[in-house]
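Heads up, the next two complexes both have chain A, just with different partners, chain B and then chain C.
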Partner chain A sequence: MGRNYFMILTVLSVTLLPILSLSFSTDSPTDRRLLVLLDDLSLKSSHSIFFNSLKSRGFDLDFKLADDPKLALQRYGQYLYDGLILFSPSIERFGGVVDLAAVLDFVDSGHDLIIAADSSSSDLIKSVATECGVDFDEDPSALVIDHKSYAVAETEGDHTLIAADDFIESDVLLGKKKIEAPVLFKGIAHSLNAANTLVLKVLSASPLAYSANPNSKLSSPPSLTGSSISLVSVVQARNNARIMITGSLDMFSNRFLRSSVQKAGSPRKYDKSGNEQFVTELSKWVFHVRGHLKAVNLRHNKAGEKDEPAMYRIKDDLVFSVEIYEWSGKSWEPYVANDVQVQLYMMSPYVLKTLSNDKKGLYHTSFKVPDVYGVFQFKVEYHRLGYTSLSLSKQIPVRPFRHNEYERFITAAFPYYGASFTMMAGFFLFSFVYLYHK
Partner chain B sequence: MAVTKTEPINSSSNKPSSSSVSMKSDLMSALSLKSLKLKTKQQELLIRVSILCLVYVLAFITRLFSVLRYESMIHEFDPYFNYRTTLFLTEKGFYEFWNWFDSESWYPLGRIIGGTLYPGLMVTAAIMYWGLRFLRFAVHIREVCVLTAPFFASNTTLVAYFFGKEIWDTGAGLVAAVLIAICPGYISRSVAGSYDNEGVAIFALLLTFYLFVKAVNTGSLAWGLGSALGYFYMVSAWGGYVFIINLIPLYVLVLLITGRYSMRLYVAYNSMYVLGMLLAMQIRFVGFQHVQSGEHMAAMGVFFLMQGFYFLGWVKHLLGDKKKFEALLRIIVTCAVGVGAIALGVGTASGYISPWTGRFYSLLDPTYAKDHIPIIASVSEHQPTAWSSFMFDFHILLFLFPAGLYFCFKRLSDATIFIVMYGLTSMYFAGVMVRLILVATPAVCLISAIAVSATIKNLTTLLRTKSKVSQTGSTKGASGGKGSSKALPDQSQPFQRNGAIALLFGAFYLLSRYAIHCTWVTSEAYSSPSIVLAARGAHGNRVIFDDYREAYYWLRQNTPADAKVMSWWDYGYQITAMGNRTVIVDNNTWNNTHIATVGRAMSSYEDEAYEIMRSLDVNYVLVVFGGVTGYSSDDINKFLWMVRIGGGVFPVIKEPDYLVNGEYRVDKGAAPKMLNCLMYKLSYYRFGELVTEYGKPPGYDRARGVEIGNKDIKLEHLEEAFTTSNWIVRIYKVKPPNNRW
Partner chain C sequence: MARNIGRFLVLIAAALIYSSALASSIFQPISDSHRSAALELFNPLGGSFSSVEKTYEELRTFEVLGIDKRSDISTAACQSVSEILGSSSSTLKDLFYALKVNGILQCGIKEDVFEGVASRLQSVVGGASALLDFYYSVGGLALIKGQTSKDDLYLADAEGVFRSIKALSQSDGRWRYNSNNPESSTFAAGLALEALAGIVSLSSSEIDQSLISTTKNDILKLFDSIEKYDDGAFYFDEKLVGAREHQGVLSTTSSVVRGLTAFAAVTSGSLNLPSGKILGLAKFFLGIGIPGDAKDLFNQVDSLAFLESNTVSIPLILSLPATVLSLTKKDALKVKVNTVLGSNAPPLTVNLLQVLRSGSKDTSLIESQELKFDPENAVYTLDAMPKSVDVGKYTFVFEMVLHDSDHKNLYATGGRIRIPIFVTGVIEVDSAEIAVLDSDLGSIETKKKIDLAGENTVSLSANHLQKLRLSFQLSSPLGHAFKPHQAILKLTHETKVEHMFVMGSSGKQFEIILDFLGQVEKFFYLSGRYNVQLAVGDAVMENSFLKAIGHVDLDLPAPPEKAPQPPAQPLDPNLIYGPKAEIAHIFRAPEKLPPKKLSLTFSGLTLLPFLGFLVGLLRLGVNLKNFPSSSVPAVFATLFHLGIAAVLSLYMLFWLKLDLFTTLKALCFLGAFLMFVGHRILSHLASSSSKLKSA
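Let's look at the complex of A and B:
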């Protein structure tokens, strides 16, 4: 998205600069073009509700078979899509020029990804997930089984259809409206790689769940058990690319979206499962409709001056400001929070101040440069759950006093001034007396 | 009252010291020689002036080999910093220079350049530049910088002439000027392009000494003031001024002890010390050190001692009674010593008087730096001097030096005592540190010149006065020169004339060998800029390796303007001056911890090093590698110093981890930590694929003559950005952290 819009922006900016500077609407972070890779095209109808909801929200969906020989993510160095939905769990090799590295490059250049696996998942899909910090169960026949919080059905099954309601508590990820009904899940388990600090569990299994083959007797304890099993996970990469990983492709299906649900042991029966709300809200997050912040106009200047200096002096008073906006899906709205901080940083923070905001997106503070010279940085490191991380830094050297910035006369030194002047006068008098007194 | 009473008497030398007698007689002999042919006086002046002019030109042009061989460029490491600061000075003016805070070096600490350098050199060059500009010579500042050192070397020859004249006679002065003009010990630091502090400092050093000796000889306040100004220039130019401020008090002390105290000495020392100290305080880098640092306390102590000495003389004069005076003396001396000791003790304990610095200690105890301060010991020019380099730098002067000392002792005067002390102390220091040969060179030249001049003079006197043998004998006895008398034990021997001729030829032969040696050394050894390397190809042709500049220009052209480059500190000045990029550490080794951090990064595993580099915001890493060309002063050979310096601050780095049985090796038998540390990986990355020499396996390191031990090097957090055509400089880019982890 970036390049195209940027080009338009450049063209427009010549004529529309005053208008543009007032609104940011042309600079939208939301994805537009999505590529959906399918195992077979019947998924298009079996998951039509999810796809239609995406379409109705303005996304351009491009359905392709995962082994389409003309498959390509980029052409002439430009990416053709902003997001990728991998609904092709059993694909062993992508068609065309796409492979594992191409998918990862796609993410590493700032694009978003949804991966849905299921019991028939291929090594390829699993390795994409592994590269994103999530490990699916090694056992190909294992499913998540929960004998406690399964979804009640007419026939007593093998308890692989799970009614999960252990959501992450985040309005940004799952929307403001609480998801009441449990989410139906039938698929494979995955766990988070402990080395990865960016991956999050959005929907976890209950403590009594485990991952095993439902059709055979357990010969050894299951490798994944309890709430370490994640049903749906998300990753927000360092470049703010977002990835959603789930072990159940059925979760998005029309059948699950329309189905009623009753969690075992719970008296309440919901007419409609929480799936639709869950996948809709989460897809909004993944495709940057929600939770996208931007910081602009990082400014600093000496107190009482307007221009940004190239260098500060120690003990200068300075004013620092930055504007932070949140994308609402249609426009940039002021972001209001009271926990944005700025650091004046040189190997460690010398100043750490919370910024106050004017509710219109402008965050500002003023402070004194410490009595230390060196090459400092203004740093705003703002990492909040669900939001894109803001990590701004601006280098600014701080110099010591110039030779003429010290005080000219110091009160404490008056005895010395007195001494030298009396000395001079005394010497003069002495010479005079000695030379001319007979 | 007493001062004024004694001064006029003293300045007209009330007690005829032996020095003035010898001087007078010397003058007499010189006069009597000249009075033989009155007309020659003008001829002699003409000859003397033309010799001096020739020497002046010679000293300049013999230093131009480097410009002819290579090009007009700045050499080595420190001169690049000096060049950069001079450029800044000429562009921005003096006040900007004085207050310059440089954010491009020592990232992120920065460096207050104005307050941490000796500005003498830059100001000198800038003034010459402005002067030339004013005279409408459109020179580039680089040319001025390149030629500053030769120009000052020429001026030094003039000072040497006057100094020689002051301590001995005109002949010795002329010989000294010639000797110093081409002495390799001095040329090594003053070839064209060697734009370093020493270039002007030796001039200032010799000038100060000359003016001080002149002041002592005349007792004139004006010469004392002159030497104070010379001292000021020296302080502004080089840290070696500490030598002056310790040698002169030592000299004064020796004169006091040997009973040569005079009013002339009193005037000379006090005016020089007080004015010199006040002037030196105006240099920001030196500041209050003259009253606060242990290294300068000797001068202050001697200053007070002189006042005490003078005061006692006055009291003695007033009292008249010897017994009373002795009792008083005892009390006063005890009190003075007590007060002095207490003051020194309190000052040191309270931290007002700083202790001696490491460099000073290592001068007194050559093994000190090796055990305590690896960063000083790591510099090659701080190593103890080998005998061969004495021979290399002094050649025949090494033999003439003792002979000259002999002559000086034969005709002791205040001036010769000074030159003897200067010679002996500086020779000691020259033995401790290679670079201090430079300080010893003027003294060695002067003393040798005395030997040469006195010998030749005696011989020629013999030749000329063959008919009047008896007269010559008496003149010679008075002048005290007996260098030839060993060879000619009896004046009346019939073949003494032939012997004298033979000896003259011998002297001529030796001196011409000296001239040949000096020229050869200058052209072969001391004219290499060390930033452009030259080698002989397989067919005897010259091969030029211009890799350093290639790499620095690559940095300048291809990296973002605010990129930070990490390298070992040797290359810091060059990267900032030529590459115009920020460096973490540079040759101004003021912050040991910062250097140790870089040393630690270089000697850690890649992932640990990555953390350190991230914390320092490093974007590029630059290493110097000589394995392809056989260039031996590369980073792998310096690596043990990085380990030592790093380990000195961070004990996690241990030297034995990099050694196998105390042996440093890079082949298969190397220590595992050595084979996987960052420096090894960066130096030898992809080197295993390369065949460097016919008939050797791939990955054969020509600098160390072994096949490397780790040929399969994979980099995780860094990627190769640039390697110069001969692999001498390799630049790596530090990757950003993994996007998804």
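Let's look at the complex of A and C:
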């Protein structure tokens, strides 16, 4: 009996080892193992292009029904997955040991999440989204309607198929290549919590859009209208966990990815909608293939010296440098930007200076230590849209002048010195005269 | 428990598919997009398939879709086919699919190979007890019979085999996989029917009619368990979830369709299946759209191909290229009728029976009329939109009437087909004006006409005792009143706080009167400039617009205590994420010192007393005659003065570089030395002067 247990343990540890070594690490921040929760396994086929593109980029996808009784995110305190894709809008209760708190713990421990809702969304999915800082329209029958920027389709007449092209301007979120074709969207609206500064609108609706039930008369003003409607939002938490929230599950479907698109009122017809590029690029960001920074080798020294001193004197000239690299999905590449700043900080910043870089990842600057002594910190706080936050600090004391470091030959004092020394010379002569005069 | 979960899953699946089907509740037959999808799905594997089953699925899909890719894979495929058929250790399943591949590719397998396989299959049939063994072996034999010239290939005991397969059937029309397994399955029913059809075609003599008719009964019972979506699509679903081999809805339905059509093809006499169910099955397969999975695509295309040529009833699909018709552009109503694979339908007439306004159950707007057939494009068209049809959402009811009365039993037309149609048009916007009214009298303070087609920059001002009135008229192309879904007045304060009001209407006239007195609280007592925008839009309105009308300067009373605060507006991300302004430390200014020149001048001046002293000494005629003449005191005198000079220069050095401690240390030694030599020389001088006095 005991022997059997031992065997099982051995087998387990042998099978778990390679999995553990593949998991999320600081050296290679890209996620590997993704759990995809579905309402229905037919989604695997109807959304296969998106899933296959993830697979071809090296992700391990684990498809499970959202009410699978064996569902678990962690085992023995170890998370089994690096990312979670919730393609199960109508699920009322997850199976197994997963619940709202488990999903939030998953994110709180730095893992990534994609939530796709649609018109059948359950309260559970909506409350996951609410915890992430976005609020879906409370009316369960409401859809995003846009009578101006809808996608022209000969068989879709109710203008709920939106051709959205109001993207956030950010290369790190959406890739360097501009998304030319509009993105097809059919689903529900959400708005951002104004108090939450971590959540960003990636794809917004046009000013004429509103969220309502297309089949019933509008009696009161819709709760969400115009550009305050977010179609797709992302969150980057303080622990760099990334979340993507969208009100349209169809957005990822083969049908939308392969569909041609023409925005109403625009003469140009695109053979393929922007969905594939959009969801691919955004998924790269969500799973930390892009926009992940690391800072290493924070260094400082007196100008002209090599070693890092234990302490600075006020008014010293110092040189500060730090190396910043960006993860490209495979390797760490030098990060090039002109807005990295360093602070010399004691209660409040005394010096805040933009660093110049050598295009190879090294950022440096030089400045004079202020004439205030105390315990300072070098601080690099780098928060840029889409990038992971960098927050580094290094403590360094600053002392005042020593007694012999003040200026020695002050011209204004020369008359006093002159007087003393002529006095001395006089004394010297006088000693001769006094002693030997006859 | 498992059963309940299964039901629940089906419900979810149904809801999902229903929601996607609603988007296109018009079913389109197989089209070119299926072909490109097929090429994309099968291509990545590039001919080197992992199994002969996959090869068959690819070849069959391409065959049905009419894509000629045979040459690309035939060599590799044929080689593996001949290997499988030649080997005596290959599995039944591989043999079966290898024969199927051979059926498509015509690999030119030798007769004796077939004979070997046939005898092997014959012996398997004899000793088989599991359904899958029957299915593969009987299917394999039927394929061999079709592929060779051997017409004398017959099953030895056809009726016995038929009975032993039939023994696995259940009372509800489903089948078990084998006699030990009590679980029955719909998927297995499809396999069993296909196998039974194979037996009928392999039988040397007529099978007992009673057996055939009980099987037909089984089929009818099986169809009792068919399930239905709201859009008219029928499907079969496997009841057991968590069983050894769970099959999806698509593969289950596909298996039944294959079995049904195969069985119907080999037996004579009607099955008495309602043609609506066959049409519903076709709708199910078409409603899936384009699957993203090779297996699903194969199942879809293969089943549709069987439905296309089945002997029960061939479904005809009525589809509309466009269901959004513009009145302004005078779009004609076009209807296409095809079989499921997109080929042309037999001669028939399409009638437009009714046009119903959606949402209301009133009577038809038109008389029944026949659509004109355009043989060139195979399209049925309605020349002109009926006069009574204005913009709006409608349900058009069509009916297909087959010309040939024999066809009526052959084809499934589905009776009345209801299709939602959007008729759109340009809505005329007229006599728009905005005015500020005095509250008590209702007299007009200021009134401005606005042109909702062009640009407007109206500027108004009002206080909380006044009212704002906005009115305009909308009329449809036929001159009727038009009520758009979205008619919203939007006031936006400078601080981006938005207020929205739904415009009410009576007839064509839309009007809203905003009494600011009642709105003060809602406006959060925010005075200032409000931008006024009007949004009018509807699904059938081609010129939906959001127009900036101008602005109104509101003068509202100051907020009382405890007045509600306006909601916070989201911050601009650029403000949060941009770089901060640089901070440079301002150093303490150095103390103010006199100018250098002045200091140097005064330093020069300090020399003057010394010079005066020197001049005075010279004047006095100083001499050093008293300097000791004898050698020892002279040495001490020299040392004494050198010592003084050293002390003084030590002071000089103290100023120039030395610190206090070094100076004091040096001074200690110098002082001692100076004491010693000073004592000697001074005592010498004192004694010599006292000698002089006494002398």
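Convention: the second predicted complex is superposed on the first by the 367 of 438 C-alpha atoms of A that agree within 3 Å, B and C clash if a C-alpha of one lies under 4 Å from a C-alpha of the other, contacts with A are read in each partner's own complex, and residues count from 1 in each chain.
By definition in this document, a contact is a pair of C-beta atoms (placed from the backbone, for glycine too) under 8 Å apart; a residue touches a chain by one contact, two chains touch by 3 or more.
Only a predicted model underlies this, so the values are computations on that prediction, with no experimental measurement involved.
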{"item": "First, second, both or neither for A:376, with chain B first and chain C second", "value": "first"}
{"item": "Which superposed partner A:341 touches (first chain B, second chain C, both, neither)", "value": "second"}
{"item": "Comparing the two partners chain B and chain C, which touches a greater set of residues in chain A", "value": "C"}
{"item": "Which of chain B and chain C A:41 touches, first, second, both or neither", "value": "second"}
{"item": "First (chain B), second (chain C), both or neither touched by A:195", "value": "both"}
{"item": "First, second, both or neither for A:145, with chain B first and chain C second", "value": "second"}
{"item": "Which of chain B and chain C A:241 touches, first, second, both or neither", "value": "first"}
{"item": "Partner chain in contact with A:395 - chain B first, chain C second, else both or neither", "value": "first"}
{"item": "First, second, both or neither for A:208, with chain B first and chain C second", "value": "second"}
{"item": "Touched partner set for A:424, first chain B, second chain C, both or neither", "value": "second"}
{"item": "Chain B/chain C common contact set on chain A", "value": "195, 197"}
{"item": "Touch list for chain B against partner chain A, complex", "value": "4, 95, 98-99, 101, 103, 107-110, 112, 562, 582, 615-616, 736-741"}
{"item": "Parts of chain A lying in touch with chain C, wherever the complex brings them together", "value": "39-49, 52, 65, 67, 90, 118-120, 145-148, 153-159, 161, 168, 186, 192, 194-195, 197, 200, 207-208, 210, 212, 214-215, 217-222, 225-226, 228, 250, 253-255, 258, 315, 339, 341, 343-344, 349-354, 367-368, 370-372, 383-385, 404, 408, 410-415, 417-433, 435-438"}
{"item": "Residues of chain A that touch chain B when the two form their complex", "value": "104, 107-108, 131-133, 195-198, 235, 237-239, 241, 243, 311, 346-347, 373-376, 395, 397-400, 402-403, 434"}
{"item": "Parts of chain C lying in touch with chain A, wherever the complex brings them together", "value": "5, 8-9, 12-13, 15-17, 19-20, 23-24, 26, 33, 37, 248-250, 288-293, 296, 320-324, 359, 393, 420-422, 424, 485-488, 490, 498, 500-502, 535, 537-541, 544-546, 567-571, 573-574, 576-585, 587-588, 593-594, 596, 599-600, 602-607, 609-610, 613-614, 617, 622-627, 637, 641, 644-645, 648, 651-652, 655, 659, 681, 685"}
